[in-house]
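Going by the order they are written in, the chains are A, B, C and D; count residues from 1 in each one.
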Amino acid sequence: MRESCGIFGIFGPGKDVARITYFGLYALQHRGQESSGIAVSAGKTINLYKRMGLVSQVFNERIISGLKGKIAIGHNRYGTTGSSSLTNAQPLVLHTHLGHFALAHNGNLANTQALKRKLFSRRESFTTTSDSEVIAKVIAEEKGDSWEQKISRAIKKLSGAYSLVIMTANKLFAVRDQFGIRPLVWGKINSSFVIASESAALTNLGINNFEEVKPGEIIRFDGAGLKVIDHFKSKKTAFCIFEYIYFARADSVLNGKTVYLARVNAGRILAQEHPVKADLVISVPDSGTSAAIGFAQQSSTPFIEGLIKSRYIGRTFIQPEGKLRQLGIRLKFNPIEEIINKKDIVVVDDSIVRGTTTAGIIKILKKGGARKIHLRIASPPFIGRCFLGVDIERYKELIANNRTLVQIRKKIGCDSLGYLSIKGLKKAIGKIDYDFCTGCFTKDYPVSYQE
Amino acid sequence: MRESCGIFGIFGPGKDVARITYFGLYALQHRGQESSGIAVSAGKTINLYKRMGLVSQVFNERIISGLKGKIAIGHNRYGTTGSSSLTNAQPLVLHTHLGHFALAHNGNLANTQALKRKLFSRRESFTTTSDSEVIAKVIAEEKGDSWEQKISRAIKKLSGAYSLVIMTANKLFAVRDQFGIRPLVWGKINSSFVIASESAALTNLGINNFEEVKPGEIIRFDGAGLKVIDHFKSKKTAFCIFEYIYFARADSVLNGKTVYLARVNAGRILAQEHPVKADLVISVPDSGTSAAIGFAQQSSTPFIEGLIKSRYIGRTFIQPEGKLRQLGIRLKFNPIEEIINKKDIVVVDDSIVRGTTTAGIIKILKKGGARKIHLRIASPPFIGRCFLGVDIERYKELIANNRTLVQIRKKIGCDSLGYLSIKGLKKAIGKIDYDFCTGCFTKDYPVSYQE
Amino acid sequence: MRESCGIFGIFGPGKDVARITYFGLYALQHRGQESSGIAVSAGKTINLYKRMGLVSQVFNERIISGLKGKIAIGHNRYGTTGSSSLTNAQPLVLHTHLGHFALAHNGNLANTQALKRKLFSRRESFTTTSDSEVIAKVIAEEKGDSWEQKISRAIKKLSGAYSLVIMTANKLFAVRDQFGIRPLVWGKINSSFVIASESAALTNLGINNFEEVKPGEIIRFDGAGLKVIDHFKSKKTAFCIFEYIYFARADSVLNGKTVYLARVNAGRILAQEHPVKADLVISVPDSGTSAAIGFAQQSSTPFIEGLIKSRYIGRTFIQPEGKLRQLGIRLKFNPIEEIINKKDIVVVDDSIVRGTTTAGIIKILKKGGARKIHLRIASPPFIGRCFLGVDIERYKELIANNRTLVQIRKKIGCDSLGYLSIKGLKKAIGKIDYDFCTGCFTKDYPVSYQE
Amino acid sequence: MRESCGIFGIFGPGKDVARITYFGLYALQHRGQESSGIAVSAGKTINLYKRMGLVSQVFNERIISGLKGKIAIGHNRYGTTGSSSLTNAQPLVLHTHLGHFALAHNGNLANTQALKRKLFSRRESFTTTSDSEVIAKVIAEEKGDSWEQKISRAIKKLSGAYSLVIMTANKLFAVRDQFGIRPLVWGKINSSFVIASESAALTNLGINNFEEVKPGEIIRFDGAGLKVIDHFKSKKTAFCIFEYIYFARADSVLNGKTVYLARVNAGRILAQEHPVKADLVISVPDSGTSAAIGFAQQSSTPFIEGLIKSRYIGRTFIQPEGKLRQLGIRLKFNPIEEIINKKDIVVVDDSIVRGTTTAGIIKILKKGGARKIHLRIASPPFIGRCFLGVDIERYKELIANNRTLVQIRKKIGCDSLGYLSIKGLKKAIGKIDYDFCTGCFTKDYPVSYQE
């Protein structure tokens, strides 16, 4: 599954804004590992550096030292394939009649094609294939003498998921779609303002006071402080429930709820919904560990680690092929036989996407002597394509797509299988100010996708 | 001095067009060493790969093999500084209402700002700071249902120097400004058409029959063969005379004249214009060697190599500093003392830009025992900024700018100094079908620069 | 703390021995991240490739495919500093009167200087500064017509810790010092024999049947199968107890005891030895997690994750400096405030070396609102230099060196502090066939160090 | 043909010896492009850095700045294939009973196997397959309380070609075999002493006074100045004549004779020995240019450049294959058709090794319209293996091996062919104090090769 991107921005005259952005992006690395970029505005000039790779690979001391200015924005992009994908790296920088303008985007539009057709009718053109450039162009071509006007008008035309940080010569903006689909928070430290996809990027920088950018808000940060310049309200809100399950860092607080605790609770409720008598509870590390702890507590079954995950798998690892192919999953997840041997085991994970790895793990555990394996998933069956931030190309490969629970269980090879209900998941998170987007489980989306 | 870029294009269904473009760009490496890029069209899809570095560093077998299609264009860009210059690398690819469109440009516009203002008034924006993107946008936003119409209309608005290769889904275009400032040739091999900045890129590929793209011509190459779709004629033509002196490969033929022979002739005429009695003629290698051979023949003075040039200086070389600074030029040009000691020497070079290196060489030769040094330059004094293809930032550093011949001679430290006259230079090249742009020597340009 | 190295060997005619060694080294990556190397014997020829970096960085498909042969050995080395450290990378290859000979070593000799002096008296010389080359030279210069004789004689002279894999033209040897200080196991798969530092490297390859190389054993693997060619027995045995605490993978089985379970047990006994009433038990991830789970079970206090560890810190990460320095530990360990706030917490880790990171974590937790912090360490105070496999240079920096428990507690800033006793640690591991080396806790070593 | 290595050394307390060695190695880059290394002694400690690649690729500012000391030696090695060749990079560093000892070697021993057998009989072993390590080991194992004694005794045992720079804790030595086969010079600048393979490395550093290390000399440079500590005289001397033809830089002075002038003279005498009537003389650049100039002067035929050589071919260039294979030579050497068309041409080169490139060039010239091509080679036919410094593996591929002149001419495809005689070559160089080794032309060597 592809991850949502990570975005960051800082308005900090006198601060080393590029360096702070570097650390911020580093804390958001989990949201995108394909490419990383930072754009810095020194007023009249703008500097941009973006390349393929992890934050720590893309930047070095010389590059960070060279990015001087008073405002910076940064972006981590999720992985795709193809040699030309540098083209789609962000931030995007545009040179316009109002000066330079840089944008970093997390989310996916639902009406990209319609917007493109409109811009095409004006004979506008694009340098990338991303919807992020469409957003930038819609803003840039909007009438108005100020960026405030342009942004306000433009977002009325955008349908879908977008959390944005926007930088102009002297201002920083935080923008979030009216449904509040992707997270976005901001904080203040001394006289600087910082925006990030997740609160963990702020707490990592020592900023413990932060607030959400509310759905539909456009907030401006500049020398005069912060100002909410528009608030595009909507009756409906739809925060992506998958952020709690998978995308966000465990130490982030989304809508007032700590992600880690939501995951532990999900495990607890899962144990209530799908109780099972077993000798022990293990997790698929690290994704299932928090839910497994919750499951164990609720079911009074001991939690222990039964699979050791390798920390060294990287892009340059030579994959085992041919006769050695079966080593693949084993090199990543190795079981502790003495723990699992002749035991009835509950295996907890956060979700199942294609099911290939899960099936491989079950096989390894069985081979290691496990007697019964009860697979418990701390989220509902993943069935729907998500056009609001997750790679939509391959949803036909989803194991839960057009399969019954029994079929899934057989394909995976476990002895019993239980998914958390949507109701249970919502209960695990607790009451927040917004509704959820649960499209990936229900095919019920806040907006419809326009081809 | 910054070099003009190198451009290449091939329409070759069934051929390995990316690979041929690689070899073509390799043969044009002298026109630009900063970045290199290739775009390939497979009809519906377009693939682009561009990075900082030499052709042989940017591409490898895996990348070239992955660029599949029937048409390709490529670009080598000259060196500038700054971390963000990847942004300005070419080819440029646009996605438009008529499908994708890629462009590679050699030259410089004179009315960039005016065109930008016009596009700004339509609230168009740019992703780069280059005039090449302005050209692409002017074409893309032109009315018309076909690329042929758009390109024809657009070039009437462009003032300045531009040789272009343009690739659309199924067509390749060669375009040259009406003055014919920068070179552009095309050739045919089997059923493929190839376009290049210089003929040497074609002869290197075994294509010995080539023709110039005439000033103002727009030629289309596609499955139906080639067609001149427009010819934007101008009374005035103005081929950059500096291409003969410095930019072009010695083995290229420009306007029917072999560059190497023009340079040898320049040396001959230089000997007539500024005769001097000496023991031997040496050159500043490699730039002055052809003219030195001509000078030697004409003056019946023996030509010999007196300076050995290092072939290994690269970007990663650690420059000598502090006490070792004086090693700098010596590590690049080392004299053969036995040859120059107690001799009166004619030193020939093609041009002097800032004069620093030349002065260093004179100093080394004097220290090596040379008695008299007669510096002869196979082109007129370089005094004018060139806004049509050469870096215009630093023309105040030109040694001939606001200095008399005597002042230049003293600054450089030679015993006598002679520059070739413009008349002599034109005579050396011989009669071609066009006039020359000699702006860098005369400040007389075919078009005026519009701020 | 520096890690022990990882060694691997395979005798496998007809197998892709270099590739299997690659996967084996990959599974042993935790034992050394500085450099990695593989040597392959094809009988008459030997090929060696070693470079600085992780296994997945050092090797690629082209290199692995090029290493052809029937026997291979490999080595991962722990990290040191200095540009010349490639010199000390292993395997070591010697060309001798009996043909080529390659060696990979885990451990440290105690009589290196004495052996060197003896070789120096014969005017032998060394190309590295490592004790591994001393071992190789002692073997190579030993009298005897066969490697079997040489190795047998040589090991009587070696004092200290050494687990070795040795490869000659046609044979593979496993050698372990008479105290059995460092682990070494071997397994069989089809007609191939595989040796590794730890059993996890075998189980990762699908080899579930493995045996220890016994202390003092020399085992030969060749076309005739395996043969114990010598067994240099000792009354005293001394398996490094720190392997159970820190060095080994949790999924390895050492002397019949699963490392993970020893660590969980250590946590349980620690809870008995240093009971404390608290709201919850957290660990310093990942090192303290297994013991924390044991502590939680024993004390009936809930285990939960309170610190989120970043997985992306790498060598190329720019460290925060100056005003940003305090971000350092936070970027690596971020607390979940909602969990720790106003709670009495037990924090469990496996050991404390210098204490700097531990103190930083305590500070972060306090700042995050933790009320009381009870630090529990699942091993005794680390006080002694270890000259048998751990970096001995910096033992004066050990926090427990010359400090009372109260002083340590104050320096670290926790509210209470408890270390596991040696007795408790041994009980946690359980009964094995050997004694332990506990020198790092007791300064009582199986051999004495000879300057 | 493989090149001889380049070696460099400096005794310079208070100087930045590593940096000076860097520039010295840079000036000797032509003698070896495979690997480069520098070792620096600070008295008690020695630091070594060596890697695969060109000088400017291997070292950077950080590495050079880190190599601190008062003495340095450096080495450039010629190219071979194979992934493990880093093993054979130099300098070699040994740790011995007299302290550390580093050596850089240019040349090849003729009695390597005999020396190895002797060392094997003492059960010594080697870490490389190079004869350079044999030299180092012979010195190190020699009896004696001082390096002076060891070196003096050792060189009596070495047969073959060796120019050495040797560095100990506080001393630098220059050593040359008794035949003086490979060049070696030393110079003084202020209170520092510098040794180099060729004088150009000294003149590049601004040291114009230099002297040869005489055949058989051992010179010591230390705080007390320089001292010839031994002079192992021999009746026979045998300076490699190929240094004048190919190995050395044109601006070096070997035995009092400037290499460039020897090459020009060789061209002159070649014109006398093989006169031919032609329209012009061209060279195979750059190797044949100096001789072509001499040929032209002597024959009163105009010299002109007819082939343009690409300067950008590097290791990472993708070679044309399949249908594009014929582009190979053309991309490296492109003819200027207008110059060669319908002309009778003398083509001069310094030597022919395998003949493949030469044949390709002739073909290109013919295709370009040349009428008659008279190939003139400024050295005798290369027939013999050279075991004294040139790769001896592939001498069977030499075109002149077992072929008559007519057969060579036909294979190459030229209309006439003339090689310079040995007598002519010697005359071109002029009288020096030593005899020549002409083994590659005569199979007559100063020493015999011992298997």
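Criterion: contacts are C-beta pairs under 8 Å (C-beta built on N, C-alpha and C of every residue); 3 or more make two chains touch, one makes a residue touch a chain.
Given the structure is predicted, the values throughout are model-derived calculations rather than measurements.
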Intersection of contact partners for chain A and chain C: none
Where chain A and chain D are represented by their mean Cα positions, the distance between them in whole Å: 60
For chain B paired with chain D, centre-to-centre distance based on mean C-alpha positions, whole Å: 36
Whole-Å gap between the CA centroids of chain A and chain B: 47
Touching pairs - complete list by chain label: A-B, A-C, B-D, C-D
Chain D-touching residues of chain C, taken from the complex the two chains share: 47-49, 63, 66-67, 82-84, 87, 92-97, 101, 120-129, 136-137, 140-143
Footprint of chain C on chain A - complex, ascending: 16, 19-20, 22-23, 26-27, 29-30, 54-57, 59-61, 64, 200, 203-206, 208, 249-251, 253, 258, 260-261, 264, 289-290, 293, 297, 302-305, 308, 310-314, 316-318, 320, 324, 326-327, 330-331, 334-339
